[in-house]
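What follows is a group of structures, each given as structure tokens.
Two complexes are shown next, each including subunit A; its partner changes from subunit B in the first to subunit C in the second.
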Partner chain A sequence: MAEKPIQGEKRVFMTGNEVVAWAALAAKADIMYGYPITPQNEIMHYWTRMAPKYGKRFLQTEDELSAGFTTLGGVLAGRKAFTATAGPGNTLMQEPLSMAEMMRIPSVVIIQQRGGPSTATVIYSQQEVTMTTYGGNGEGFRIVYSTANHQELFDYTIKAFNTAWKYRFPTFVLGDGYQAKMRESLTIYDPEDRGIELVKTEPFIGKEPVNGEKQPVHIRNTYNTEEELFEVITKYLEDYTRITPEIIEHQEFDCEDADIVVVSHGVVSRAAKGAVQELRNAGLKVGYFRPVTLRPFPADRLRAVADGTKTLLMVESSLGQMAKLVKDAIFGSTVAIATLFKPGVGVTSEEIVTKVKGML
Partner chain B sequence: MSKTVKIALAGEGGQGVQSVAEIIAEAANEEGREALYIPNFGVEQRGGVSVAYLQIGTEHIGSPKFQKADIVMALSDRAVKRTRQYVDERTTFVYDTSIEGVEEELPKNAGRILGIPAIEVSKNELHPRVFNIIIMGAVIKATGVVSEEEARAAIEKKLGYKFEQNPDLRELNFKAIARGMELVEKAQ
Partner chain C sequence: MTMVPQMPKSWRLETKPHKFCPGCGHGLVLKALGEAIDELGIQDKVVFGADIGCSLLAWDFFNVDTVQTHHGRTTPVVTGVKRANPDVICIAYMGDGGGYAIGSQHLVNAAARNERITAILVNNCNYAMTGGQMAPTTLPGMKTETTPYGRDIKETGYPTQGPEMVAAITREGSYIARGTIANLKQLKSFLKKALENQMAGNGFSFVEALSTCPTNWRTNAKDTWAFVEKEMTKYFKVGELKNPAAKEGE
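Our next item is the complex of A and B:
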């Protein structure tokens, strides 16, 4: 058996789905559970092609409900387990992932967003933001990284395993069909060679006896009384609030003196970045803000940016799912809000430039 | 800041536009340039027009798809209709002259329109199987995104194992690149 999947650092040129499979290998994931759905299929394909060489496993289940629950089972057994899905598959997976929230199971899920609602398109969207951040019957005790390019897809897939196992909240990498299917360059590496420590896993159940005594474990997702549940949820909120400053990530530039700040996330932020740079080169006071974590959301920083500018222009490939998170974060601010929403369709720099110029 | 070149290649399934885009993207990446290639993909199992979106530049590339292309290459009647939306006054629109009755469909707003007899040359002069390599030659001549040498190296990398068994294939492929470049040169 080969030792390390990635020796040294390597510049590669591949699809995003292949990147995810490599990242999961690099993060020493043990097993993937999955059910096919476009545009994430090739994560499974590459994983099943590469993983057996390194003693890793794969189980194809009968649907996404099962893929989600088996992932939780793998995690409970102490395995670094993950799954990947999209669109209607993501909808089905909210059931097991609510359970992961309730039981604090560090599952890792890669989402490659496609058009919605329902089957819609198999191509692309940013319409799974609400579902990925707050789906299921719960309070959204999850961590969601929204990536924009292949390097981030690699980096944050590795990071997702660490975040999940360190903080014990279900963790998502939110990509999309463009990122899934396009090819571009990135550098893949072994995280430990770069000094990135991989958080150790441990079984939740089936622990070794101590002094001949069995060690029973009781992980609940059912509570008898309202008060019992309230106590647990209150504790989870405390935990979540406490770790939020350590988890939130964002990128920004040129916001200090900006009259308009373009807010976008994921693959759309590539277009926003180019647009803001072009507008700045033309002498226009425009800034760039991009939440990398959508849950928890970098609320304090965005609130400060909102207070220092005149207008936030929100750009996304949905009818305002990110914008809802933004508005919640900046509640009370008097900043004006403008939008460029293109549900299920990509956004180009040229469109953002035209939009901004029309506003000035 | 040097500009990113945006290329849309469209044809019928089997004409090989996706593999051409992929080979060119890989060749550019090998040279240390930024390249991004994404195919169109949908639910159709057959019968759709195949479009490849390719961008090559020196800086990080923005959105994966684009509204207007610098070069559009359309290799079938339906591909011409499908790709008119990517054309503006700066676009070079290249189509195959064997497509019958397509003149009326050509985008009038294109910066320039070039007709090349790639299908005919592949059939009568070289071999139908190198049709997409002729197209590759045409693309690199029209855009200058990679040199002929780089294109050759990329093909060698891709098909080298086949060339080992049959060196004539190498000659045929390299000739196809050169012919594709020539076709664009003549049409200009």
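Our next item is the complex of A and C:
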């Protein structure tokens, strides 16, 4: 029981859902709460097979409202708790996650996006960006990592627990059905062996008395007056703004002299990367920009990129949910905007190459 | 000399007098609960969850760890706490709308899974915090803001009988009772047994408490009392439905 789930480093060939379960074990997550929905189911399947061997727990709830709220209960008890969902499940989970925002509960949620609106497809999409970044009633005080491959699914699932517990904002790993179901090579590892410190958890409620003295805590998400709420939100905004530079992540290349910069996120950025490399090899001045954190968004850097190029080409598997975040980030820039939107459908390198060539 | 009313030790004096309306039954249910917590000596181990509705006014009521949640969601929150830390004693405190309408799936499934938590549901026949609309527990013919001509059972069905429903779906180990603020001694004994049942690790514990809402019932003291004692008990029978401890003793 005591031995670590992963000894040293290991090269493996796995589906993304299996990767997430391994990453949660490696991050020393204590308990998963979940409700079945495709395409995230195998996270639960692998967790329930592996977790008991390491003294970890699982609860299958009656719906995603309950999966979300039990997860918050687990976190309040001071445990590393997480859940995973998709599509209509993500919709239901916005209620508990708005409570997590209001109460600064460091919950971790893995989203494997599927087609929408409604039931739509169980396969794939990038249509849960708006909901995951700004869902629920609130102001979007969340941290959202959009992963592109299995190595990142592993790395960022571990990181999500650390980010959530360090900064006390609900944290999401935004994957999708392709990443969930595809099998890919990656290296899994024990984070502490690599020098990655795991942030310690702490109970909000149910703390042991100190020197026989119990100091009861009362935590709430309801406020009596407008001013009271305003004060809380103002403080949260200050905190969120202060930590943003520490959290934002992005990737870019060949943007310096580019006439067109392709902006994409998640699994679509892999097609974009391939396309930009191919176009560069053909001597065309094209650049690549990928926000890794969708919330907070790497706004300053993208604004600088926008100011140094002629056109931003936004590519995504939705009708512009990432593009809205981009436009908000570069507000005031005179860069031209072009789009390749394929809601709920995968995007290939060839399509991006054709699109760019048609623009030049 | 001023007489200080006797308050349970687990009550938080700084927040008294409490914020419930005059004549409201919540204060009495919470007094019975406070005394039960005192007598069991579990104040330091309790995690108290407060729902939305009038029950949310209990968020700073006790000197125990407290979390105020969303409408209907207290059951899953304390379930999550209990699953993650079985050493604490979890109480989900809610109204009839929270437990039998918006959060009914959580009540049903927590009961079916035999969660080791104690759910306490205050039944006052209406949604009181929002201004007196029909609740699942509104009596046939009873006037509310959304049934101004009286609850028509042909249109809206019969009132939910919660403890009976929970009793029907639970197996061994569950403690289920319906008490009333008209019999505080009995209500306290039910609450105490419901907590003991959790502490013994037997299973799900559920107590419904018949309560009053003179503000929304628009009743005077005499009629309020008559309603809870005579009208409500015609439909909602007071007593224990399941008690694992009694079974063992037989």
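FYI, the second predicted complex is superposed on the first by the 355 of 360 C-alpha atoms of A that agree within 3 Å, B and C clash if a C-alpha of one lies under 4 Å from a C-alpha of the other, contacts with A are read in each partner's own complex, and residues count from 1 in each chain.
Here is the rule we use: contacts are C-beta pairs under 8 Å (C-beta built on N, C-alpha and C of every residue); 3 or more make two chains touch, one makes a residue touch a chain.
Just so it is clear, the model here is predicted, and its values are computed rather than measured.
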First, second, both or neither for A:I205, with subunit B first and subunit C second: second
Partner chain(s) touched by A:F69 [first = subunit B, second = subunit C, both, neither]: second
Partner chain in contact with A:R57 - subunit B first, subunit C second, else both or neither: second
First, second, both or neither for A:P216, with subunit B first and subunit C second: second
Partner chain in contact with A:P36 - subunit B first, subunit C second, else both or neither: neither
Touching partner for A:G78 - first (subunit B), second (subunit C), both, neither: second
First, second, both or neither for A:E350, with subunit B first and subunit C second: first
Subunit C-contacting residues of subunit A that also contact subunit B: none
Sites on subunit B touched by subunit A in the complex: 22, 25-26, 29, 34-43, 60-68
Complex contact set, residues of subunit A against subunit B: 13, 38-39, 121-123, 149, 177-179, 181-185, 267-268, 270-271, 273-274, 346-351
Complex contact set, residues of subunit C against subunit A: 12, 43-45, 47, 52, 56, 59-60, 62-70, 73, 76-85, 87-88, 105-106, 108-109
Residues of subunit A defined as touching subunit C within the complex: 30-31, 33, 57, 59, 61-63, 65-66, 69-79, 81, 95-96, 99, 203-207, 209, 214, 216-222
